[in-house]
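Each of the two complexes below includes chain A, the first together with chain B, the second together with chain C.
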Partner chain A sequence: MALDKIADKVIDTDLLVVGGGTGGCPMAAKAAEQGLKVTIVEKSNTKRSGNVGHGIDTYGIFAHGISVIDAVRLWQKKDMQGVNGPGRWVNSNIDYVLFKQGFWALDELERLGVPMKWDNGKYYWTPHLLRAPGVKAGLRVHWQNVKPIMTKMVKDRGVEILNRVMVLDLLTKNNRVTGATAVNTRTGEFIVIKAKAVALAAGFLCRCFEPETPTSYKYKFRYHYCPASISGDGFAIAYRAGAKLANMDINAWGFRIRDDATISFGNFPNNDGTPSKVFNWKGEEPPSYYYTKIAGYDEAEHIGMAPFYQSLNHLTDDYQKRLELNYNDEWLLAFKTAEDRKFNPRTHWWEFGKNKPLQFMMPQGVATDEHFRSSVDGLYAVGDNAAGVGGAYGACISGLVVGDTVSSYISEHGEPDIDEAQVESQKQKALAPLAVEDGAEFMDVECAIRYICERYVGNMRSEGMMREGVRRLNTLRREFANKIEAKNPHYLMRAHEVRNIMDLAELHIHACLNRKETRGGFVRVDYPEMDPAWNQKVTLQRMENGKSVLEIGEMPDLKQEYIDAEEGEK
Partner chain B sequence: MAVVKINYSNCIGCKKCYDLCPMDVFTWDEEEKRPVVSYEEECWMCGICWMDCPKRTIDIRLPASNW
Partner chain C sequence: MTESMENIVDQHYEEEFEFPLWKLIKQCAEEKDISYSEASELVVPEYVKGIRYGDIEYEDAVIAAREKEMAEKRAKDNIVMEEKQAGKQLKEV
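Right, the complex of A and B next:
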């Protein structure tokens, strides 16, 4: 059967970009400038989608005032190992490329019309992110202005944008990506996209955990950490297409922030380098163990020390003003909500609470080389989708690098050979939820997954609890995976998000069961010691012939040629 | 008490909220030529409709559970 008989619409493109955010848009613009036909598929609208759609707190990290190699080593030591314990968690060559190309990326963005400079026409460097004296590695940007500009940037360069379209699965043949199947979330149109290369720029995963603000019974997407609509679609479709995912055992964790609903929390301990103060309810400053370690907060509650608050009361007026700009840059509603709640960020304290699992973002994702190529031929991953890349800076830089280099892959490879049987089978799965009657609501199933990940895996993991979690997840899949109902194309999107979340939750729980040790933020209460067998090792997972395969592998160390190149420049 | 509330007396039917909402909370009523809050429980209070509405005719309020 011809493709146009199976699909409502067939699109033929050189480069398919999945996700029109901070990674996808710069990549698309750059690739289009190389003469490629580029198509962005975006689940919402590129004008306001992705992590920076509504603003975000910071743009770091840069090797500013420090050599590239030192930046790579510092980043690994202070941040990656500081959080996750000793080891090489990410491909060091990716870090090298991010630091090496950071300033080029800034110049490129400015050239493409995306303002990276501050109101005074200069880059606004801040201390902090590499946590080294004298190093100003962070950059402040008015992110909330950026997405409409990026949309114009790609449109001006002839990029085709498909808004309100969700990619459901990748098409592959002989371990080469040949395109994707997708559905319009408003019309239900089933779309086949033939592509010579595909780049995943669809953001991270957090929806297998509860939001930080704990009491919501109805508004279950109101997460603090960046956009809520982050169902890990990029991870999941890569995994099902056979690409390797890394570090899905190592979820990020942080505090439940009770008052983040008022002023976004992400900014205040960070961006300008001045720390906030932490108090307990009596106004005493508690030892930091109680609020920085996973077990600490539970202990504090048991001895009556909680709750804890963060305070900015001691800071100067000038610093307060800069912070207020930060809040505004991160969350449009910050001051409106503060006013509604009569909350004054200068004088009130923020309550924060129990440590909890948050998300899969920085070391997690599709394992790639430093050119952001995955283990599937022609499949790239950038931004939060790539293991070792995170944040707005990682997205912009990796996106631009792929946009700059992908044309050589595309020119060397011919037309994609679409497997029509694969399209047929994906179409059946894609549209199945529309035919379900008297089925489960998507959010009911999603909450069941969240509950399993929070209660049976959580931060304090043990064999028995996780085995019970696996049993529950298997039952959930058996009983409900095919019974999520979609009354319309909008809910079809949600049903497929839940399918993705379920696949990734399963990867997470199996990876956690397999790691029988405690290292950094990864705690196994039944194996409280570090196991030397895991030194320098990471978990890699992929799908092969419909079965999940888990391997323990290593992330590459910095290549000698890169070290030599930097030495040469000195 | 709704989290997303459109004051229709000021709405000019420009479709911005319907076009831009990242969570697809709005649908479009073609007969009345106006947006409808159809998936209110999926709102995550990002404020994009509130800010991009040229008439500022959408209000976003924190629900009691997030107060």
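Right, the complex of A and C next:
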């Protein structure tokens, strides 16, 4: 059967970009400048979608005031392994490319029309992560409206944008990506997109854990940032297409949506190099063990020391005004939220949520090399969608790098050969929830998945608890996965988000069960010691012939050619 | 024994306050009948002038002072933890 008989619409493009956020837009603009036909598929609307949809106050981490190699080492050893444990990361060669290309990307963004400079026309550098004497690695930006600017940027370059369209699955043939199937979440149109290359820029995953809003979970989205981007769609479709996912045993980023901390994420706790203070409920500054280590927090709860609070009361008046600018640039709505909750950062504290399953988001995602190529031919992943790439800077740089280089892949490969039987099969799955009557509500199933993850694979894991989690998840899948009803195309999108979250929750539990050790924020109470066999190792998971495959990969060292190149420059 | 709950419920949230910048944005939006976002673009450039951005000496002094406080806190933490470990071996995870 011809494709146009199966699909309501068939689109033919060179590069399909899944997700029109901070990674997808710069990539699309750059690729379009190379003469490629580029299509962005965005589940929401590129004008306000993605993790910086509401704005952002600090863009970077740059090798600014520090060499590239030192930045790579510091980032890996201090920032990443400090949280995730020694010997645990993804690929330092990715960090090398991000730091190496950072200033090139800065120039490119300026050229593309994205404002990077401060009011005085200069770059404004602040101490932000990579904390070391004399290092100001963060670039403070006014990015409240960066997404409308990026949308104009891609439109001006002829990029086709499909807003309110969700990619449901990737199309592949002989381990090469050939396109994707998608659905319009307003009209219900079933769309086939033929593409010579596909780049995933759809953010990360955290909706398999519960939020910490003061409202019930169903209504969490009122003040939630970027609800659309965190269902892990880019992870799930890559996994089902056979691409490897890395580090799924590291917890998805638990919703750190706790009351007042909701009001800002970017620079808020760091505040231009003047970090917040931490107090216990009695107003004493506790040893950091109790709020930086999971076992420490657990102990603090048992001895009645918890909860802990962060405070910015110590900031000078000038720095309190800067904080207002953070709110303005990061999320204008933060003012309204704070006002509604009567939260005044000059005098009030907010709870430090270390009791949440939380490690660090950036190591998790699609496994790529430093050129952001996945294990499926022609499939790239950037930004939070890729393992080891995170934040606005990682998204922009990785997006620009792929946008700059993907044309050579495309020119070397012919037209994609679409497997129509695969399209037909994906269509049946895609539209099935529309036919379900008196079925389960998507949010009920999503909340059930979150409950399972939180209860059975939370902070303090053990074999028995996780086995029970697997059993419950299997039951949930058996009973409800095919019974989620979608009353309209919008709810069809929600049903498919739940399908993705369920697949990823399953991967998460299996990966945690397989790692029989404790390392960094990953705690197995039944295996409380680090196992040296896991040093420099990465959990990799992929789907093969409908079955989930887990393997342990080696964490690559920084390539000698990169070290030599930097030595040569010195 | 009874204890009044008044002093421990929402004690951090009892006062009314307004962010000075947010107040200006709201006023501007109302006067010009524009969105908060549009008003923000008009108000912020002026507001920024009242902040000591670019005063590197001042910024570095503030940062150094906080760094010093944190270093003192770390030293104090270490002593407490050493004492604690002497009594009970903590599981470092």
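Going forward, the second predicted complex is superposed on the first by the 533 of 570 C-alpha atoms of A that agree within 3 Å, B and C clash if a C-alpha of one lies under 4 Å from a C-alpha of the other, contacts with A are read in each partner's own complex, and residues count from 1 in each chain.
Assume contacts are C-beta pairs under 8 Å (C-beta built on N, C-alpha and C of every residue); 3 or more make two chains touch, one makes a residue touch a chain.
Predicted model, so just to flag it, every value in this text is computed and none were measured.
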item	value
Contacts of A:339 with chain B and chain C, given as first, second, both or neither	second
Partner chain(s) touched by A:561 [first = chain B, second = chain C, both, neither]	neither
Partner chain in contact with A:185 - chain B first, chain C second, else both or neither	first
First, second, both or neither for A:295, with chain B first and chain C second	second
Partner chain(s) touched by A:544 [first = chain B, second = chain C, both, neither]	neither
Contacts of A:331 with chain B and chain C, given as first, second, both or neither	first
Touching partner for A:490 - first (chain B), second (chain C), both, neither	first
Chain B versus chain C as contact partner of A:438, first or second or both or neither	neither
Which partner reaches more residues of chain A (counting touched residues only), chain B or chain C	C
Footprint overlap on chain A, where chain B in one structure and chain C in the other make contact	332, 341
In the complex, chain B residues that touch chain A	3, 19-24, 27, 38-39, 41-48, 50-52, 60-63, 65-67
Residue ranges of chain C touching chain A (in the complex, touch as defined)	12-22, 25, 36-37, 40-41, 44-45, 47-54, 58-59, 62-63, 66, 70, 73-74, 76-77, 80-81, 84, 90-93
Interfacial residue positions of chain A with respect to chain C in the complex	118-120, 122, 124, 127, 142, 144-145, 272-275, 285, 287-289, 293-296, 299, 316, 318-319, 321-322, 324-325, 327-328, 332, 335, 338-339, 341-344, 346-349, 518, 520, 523, 528
Sites on chain A touched by chain B in the complex	44-45, 47-49, 53-54, 164, 185-186, 213, 215-223, 227-229, 261, 331-333, 336-337, 340-341, 443, 490, 493
